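All chains are identified by letter, namely A, B, C, D and E, in their written order; residue positions are counted from 1 within each chain.
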Amino acid sequence: MNLAKVIGTIWATVKDENLVGAKMQIIQPLNHDEKKIGDPIVAVDTIGAGPGEIVYYTTAREATIPYPTRIAPIDASIIGIVDRIDIYRNSN
Amino acid sequence: MNLAKVIGTIWATVKDENLVGAKMQIIQPLNHDEKKIGDPIVAVDTIGAGPGEIVYYTTAREATIPYPTRIAPIDASIIGIVDRIDIYRNSN
Amino acid sequence: MNLAKVIGTIWATVKDENLVGAKMQIIQPLNHDEKKIGDPIVAVDTIGAGPGEIVYYTTAREATIPYPTRIAPIDASIIGIVDRIDIYRNSN
Amino acid sequence: MNLAKVIGTIWATVKDENLVGAKMQIIQPLNHDEKKIGDPIVAVDTIGAGPGEIVYYTTAREATIPYPTRIAPIDASIIGIVDRIDIYRNSN
Amino acid sequence: MNLAKVIGTIWATVKDENLVGAKMQIIQPLNHDEKKIGDPIVAVDTIGAGPGEIVYYTTAREATIPYPTRIAPIDASIIGIVDRIDIYRNSN
């Protein structure tokens, strides 16, 4: 799983039928210092993350698990809203 | 999922039997500012995206879901045509 | 599988229901000389690795196997605590 | 899927029993202009691609689909021989 | 699949129960000229590759296939020992 910030959303009328009703957020992957890593990606959001919130997301097959039907062409999914990040002393 | 632009197509006579009839588009991955990310890839298109259209696509196992038989050696699939991209203010 | 050091942990109240109770560690991937490779990621820990310990972890679908229900949106999992790394002479 | 050129082959006597009889080709990934992308990989070939031919290949789980038993430790498979690549005008 | 050289091994007492008895080798990925590509990874070895030998390995879900129980959190597995690599003339 990786950290990311919710930075936008995508609108699409023509799409695969399994995605009708799914909220597609644009998220910017971050490292544990909340610095950007690479380019933003598109992720399904089933937990209701708001603009600017820090979340963590999962990729690949497991990304369909939070989705109601679990049969959808989804490869990234927001799975938690981060309250706090603790870095252990002397471990880094 | 990632954004991409449809930039070409591929023709192949000799191919795996599960791919007969599949439309193979060449797509250029883009970031949310529509700048190119990396090299184009080949994706199956079941929703009828046209030349130059901005789409989003999925990769890996989920990529077979839009495909009629769902049993095909497909690792990238176009799943939506993008109408609009909204970037939240102050979130980037 | 790759090597990593446990460097922190993440707290999240709002999350996918399958993740309630799961310990989410921040781990820094390392090479076999224990130098950092890329950015830290978030991994589920079911074996009880402590702060600063060297572990190895697995990614993708197999990452759910150590998890009790095996149905969870997990894409990285700590699977062993490293006691010793041997590099063969003259092989490197 | 990605494009590649067939550049070599690998011989192995000691191997996983599921791979006995499989033809292992060395392929050089290419972009749509037929320029090299990254390093060559090893792919199973079930369609009989010849030396120097341009093919497209699939990776990950789907790569086992063209293989007779479909139970084999295969992560890359040649699935088509390219006849022609069309790039749409003004789309690139 | 990719090529690699066996360069070391890892010892771990505390580990996922599915991995008890598994031999974990450290392998250095190589290109077809036997030059190093990226950092070494950890792979399960079920075919008995020795120190310094050139092997090829598979990643992701297929990596569990050579493993006796086929239910293990494995994402890389050695599947063949390379006898010879042939590069086709004029194809590179």
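Convention: contacts are C-beta pairs under 8 Å (C-beta built on N, C-alpha and C of every residue); 3 or more make two chains touch, one makes a residue touch a chain.
Just so it is clear, the model here is predicted, and its values are computed rather than measured.
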| request: Please state, in steps, how far chain E lies from chain A along the shortest route of touching chains. | output: 2
| task | Quick one: report the Å distance separating chain A from chain D, using the average Cα coordinate of each chain. | result | 32
| query | What whole-Å value do you get for the distance between chain A and chain B if each is reduced to the mean of its CA atoms? | reply | 20
| message | Give me the residue numbers in chain B that touch at least two other chains, ranges are fine. | response | 60-61, 63
| said: Starting from chain D and heading to chain E first, what is the chain order around the ring? | reply: D, E, C, A, B
| field | Complex contacts: residues of chain A adjacent to chain C | value | 1-3, 31-32, 37, 46-48, 56, 58-63, 65-66, 77, 79-88, 90-92
| query | Can you list the chain C residues touching chain A in their complex? | reply | 5-16, 18-19, 24, 26, 28, 39-43, 51-52, 60-61, 63-64, 71-76
